[in-house]
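Here the chain labels run A, B and C in written order, and each chain numbers its own residues starting at 1.
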Amino acid sequence: MIDFSILIDNLDTYLEGFKNTILASIIALIGSFIIGVIVAVMRISPIKPLNWIGSVYVEFIRNIPLLIITFFFYIGLPSIGVTLTGFVAGTIALAIYTASFIAEAIRAGIQAVPKGQMEAARSSGLTYLQAMWTIILPQAIKIVIPPIGNQFINLVKNSAILGMVAGLDLMYFGDLVSSHTFVTFDVYIFVALFYLVLTIPLSLGVGYLEKRLARSH
Amino acid sequence: MDIAGALSVDHLKFLADGFKVTLFIAFISIILSFIIGILLGTLRFAKIPFLSKVVAVIVETIRNMPLLLIIFFTFFALPEIGVKLSPTAAAISALTLFESAMLAEIVRSGLNSIDKGQIEAARSSGLTYIQTLRIVVMPQALRRMVPPIVSQFISLLKDTSLCVVIALPEFMHNAQIVYAQNVNYVIPIFVVVALMYFIVNYCLSLIARRLESKQA
Amino acid sequence: MFKSKTTKIAGVLLLSASMLLSACGKDKETSGSAKNALEQIKANGKIVIGVKYDTRLFGLKNPSSGEVEGFDIDISKELAKDIVGDEKKVEFKEVTSKTRIPMLNNGDIDAIVATMTISEERKKEVDFSDVYFDAGQSLLVKKGSSIKGLEDLKKGTKVLAVKGSTSAINIREKAPETTVLEFENYTEAFTALKSGQGDALTTDDSILYGMVDQDANYELVGGTFTEEPYGIAVKKGNKELVDAINSALKKMKDNGKYDEIHKKWIKSN
C-alpha cells in the first residue's frame, strides 16, 4: 500500500512546492500571453521587418528544448552579468517558450477571421492597430481559447523544469523529499497527484470549451 | 566568452557523440510511440465497453503529468517494485509512454474529425467495423493528423534533453561536461546546442508543411 | 524491442494501478541468481564499475580524450587486475549521486566506486567494502568571500549541494539557518556557484579540491566538519564480492600501489 505518512510528514514541503508551481504557471501564462499576442501581431503585420522578427522568434524558440532556454537564463546570463534565481529564470524561460506556441495559435485565429472584416474596418477610418485591437483580436481570441488552454496545460506540466535549476517548485521539493527519506515510489506518486489535481480539471475544462465552440459553429 | 576554446575539434566530436545518442533515443521512441499511440487512440475512439474507458483513464493520466516526472519515476521509482531499467531503456520507456499518450489523443481527435456518415455508409456496404476503420477512416484521418503528429515528434526530440537527469550520455549531458570545464564556454556551447536542435527540428517542420500543402 | 515494450506496458499498468487503487505490493526482492556476483564477473571476464564522470580528481570524463580519469578510476583498474586478472577488463559506466544505487540494483553495474560515503542509511540498501579513502565535508567559496566557515552560514546565505548526497543532509543540520539549493550533479552545482547562484558549495573536501584544481579563483574554507569514509558498494548480500574487493584493497595498500595512486591524484596538505 502507498504510505500516506510520507505525504503527511512532508506536507509543508509538498505544499510549498505546489504553491510555487501554481505561481510560476500563472505568471508564465500571463507573460506568454502578452508576448504571444505581440509576436502574432508582428507576424501578420504588413511591415516586413516586424514580420521577419516575429517569424524568427516563433521558428527558433519552438524548435529548441525548454531546458536550454532555462539553463541559458540560469547559468548563461550570469556570465554577462545578470543573475536570476532558479524560480525567476525558470518562469521567464517558460513564458518565452510557451509564447512561441501561443503566438502560432493566435496567428491561426486571426487568419481565421474573414479578411473582408479588416478591409471594412480600415475603410471605415480605423487605423491598422485600431482595427486589429477592436475588431479582429476579440473574435480571434474566442477561436483560440481552446488551443491556448492546451498550451496552458503544457505550461503547467513544463513548469517541472524549475526542478532542474533549484526553482523551489513541486518537482524540486518532491525530489528532495525522496532523496532525504530514501523513499522514491510513494514520494513521486504524491508529486504526480499534485500535478494531476492541477492538470486534469484544466483538461476537462478545455475539452468542454472545445465541444461547446464546435457546436456553436 | 571563449568561443575558440569551447568549440575545439575534440569538443565538437564529443558533442556529436551526444547528439547521436539523442537522435537514436528519439528515433526508437518515435517509432514505438507511433505504433502504441495509434493503437491506444483507436481503442479509445472505438468505444469498446470497459476497455475504451480504461484506455481513456490511462491516456489522460499520463498525458497530464510532466514528462520530467515520468522520467524520474521510470528510473528511480520503478526499481522499488521490481522493474529495473538501464538509463537507455528507462529513457526510451519514459519518452514512449508519454508521447504515446500524447499521440493517442491526436489520433482520437483525427478519427473523430472524419464524417460519421462515411462509417455508416461503409458498414452498410458490408464492411466490418475493423475493416471500415482500417480501409476508410484511418487513411483519411492519418493524412489530417500529419501536422500535429510531426509537431509531437519535434517535441519528443526536444524532450530527449530531459534525460540528462538520469545521466544518459545524450547531447545536453555531453554539453554539460564540456561547459563544466570553463565558465566562459557556457554561452558558446548553449548556442551550438540550440542551433543543432533548431536545424533538425526546423527541417522536420518544413517536411510537415510540405506534406500539409500537398494534401490541400 | 519487444522486451522494452512489455516492460513499458507493465510500467503503465503498474503506475495506473497504483494510482487508481493506491495499492502496490512492494516486494524488495533480491535477485536470486544461481551464480554469485563474483563468479558471474569472472565468467563475463570483465567487471562493470559505476564511476562519476563529473568529479575532477576522482572520476572525470575528459571531453578531449574521451577517457575517464581520476582516483576512483585507477582504484577500479587495480580491482579489475586483482579480480579479473587484467586492469583493462573493466568497463566504466557513468553514475551520479542520485543514480548510483538504482544503477547497482538494476544490475547495470557490478560495483560503485564513486566518492560514496559509507553511511548507516545506505548500508540498508547496499553492502560496502572497507574504507578506501577518508574525506570530510567542507565548504568551497570564491576567494575573498565573507564566508570563512560554518558559523558564517547565517540567514540569507545560500549554499549549493547535490541531490542524493550526504552533504546535502548534513549541511541542514550543521547550518540550519542557511538556504540549501540542490542540483542534479556537481557540474550543475559548480556552474551555479560560478554563476553567482549561491555563496558557497558544500560537499566532500576531496571533490572540492578538484574544483579548485579546475578554477583557482575558488578556495576551501572552515576545514572539514564531518567524516566521510568512502567505500566501494556492491549489491546487498554479495559477501564473496565484498571479500574479493577487500582483499584487492589490502593488496594495493601492502604493495604501495595505493599510495602511488593517492599521490598521483590527491595533493598532500
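Basically, contacts are C-beta pairs under 8 Å (C-beta built on N, C-alpha and C of every residue); 3 or more make two chains touch, one makes a residue touch a chain.
The structure presented is a predicted model; accordingly, all values stated were derived computationally and were not measured.
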item	value
Topology of the chain contact graph, where touching chains are joined (line, ring, star, complete, other)	complete
Contact-richer chain pair [A-B vs A-C]	A-B
Computed distance of Cα centres, chain C from chain B, in Å	32
Euclidean distance of C-alpha centroids - chain A vs chain B, Å	19
Cα-centroid distance, chain A relative to chain C, in whole angstrom	37
Sites on chain B at which at least two other chains make contact	61, 73, 76, 78-81, 164-165, 183, 186
Multi-chain contact sites of chain A, meaning residues that touch two or more partners	75, 79, 164, 175, 185, 189, 192
Chain C: positions in contact with at least two other chains	18-19, 24, 26, 98, 184, 188, 191, 194-195
Chain B - residues contacting chain C, complex	8, 10-11, 14, 28, 32, 36, 57-58, 61-62, 73-76, 78-87, 89, 92-93, 96-97, 164-167, 169, 174, 176-181, 183, 186
Touching residues (chain side chain C, partner chain B) in the complex	1, 4-5, 7-8, 10-12, 14-16, 18-20, 24-29, 53-54, 61, 63-66, 94-96, 98-99, 102-103, 105-108, 184-185, 187-188, 190-191, 194-195, 214-215
For the chain B and chain A complex, residues of the former touching the latter	1, 60-61, 63-69, 72-73, 76-81, 154, 158-162, 164-165, 172, 183-184, 186-187, 190, 193-194, 197-198, 201-202, 205
Residue numbers on chain A that touch chain B, as the complex places them	59-60, 62-68, 71-72, 75-76, 79-80, 153, 157-161, 163-164, 171, 174-175, 178, 184-185, 187-189, 191-192, 195-196, 199-200, 203
Chain C-touching residues of chain A, taken from the complex the two chains share	1-2, 74-75, 78-79, 83, 85-86, 164-166, 172, 175-176, 179-180, 182, 185, 189, 192-193
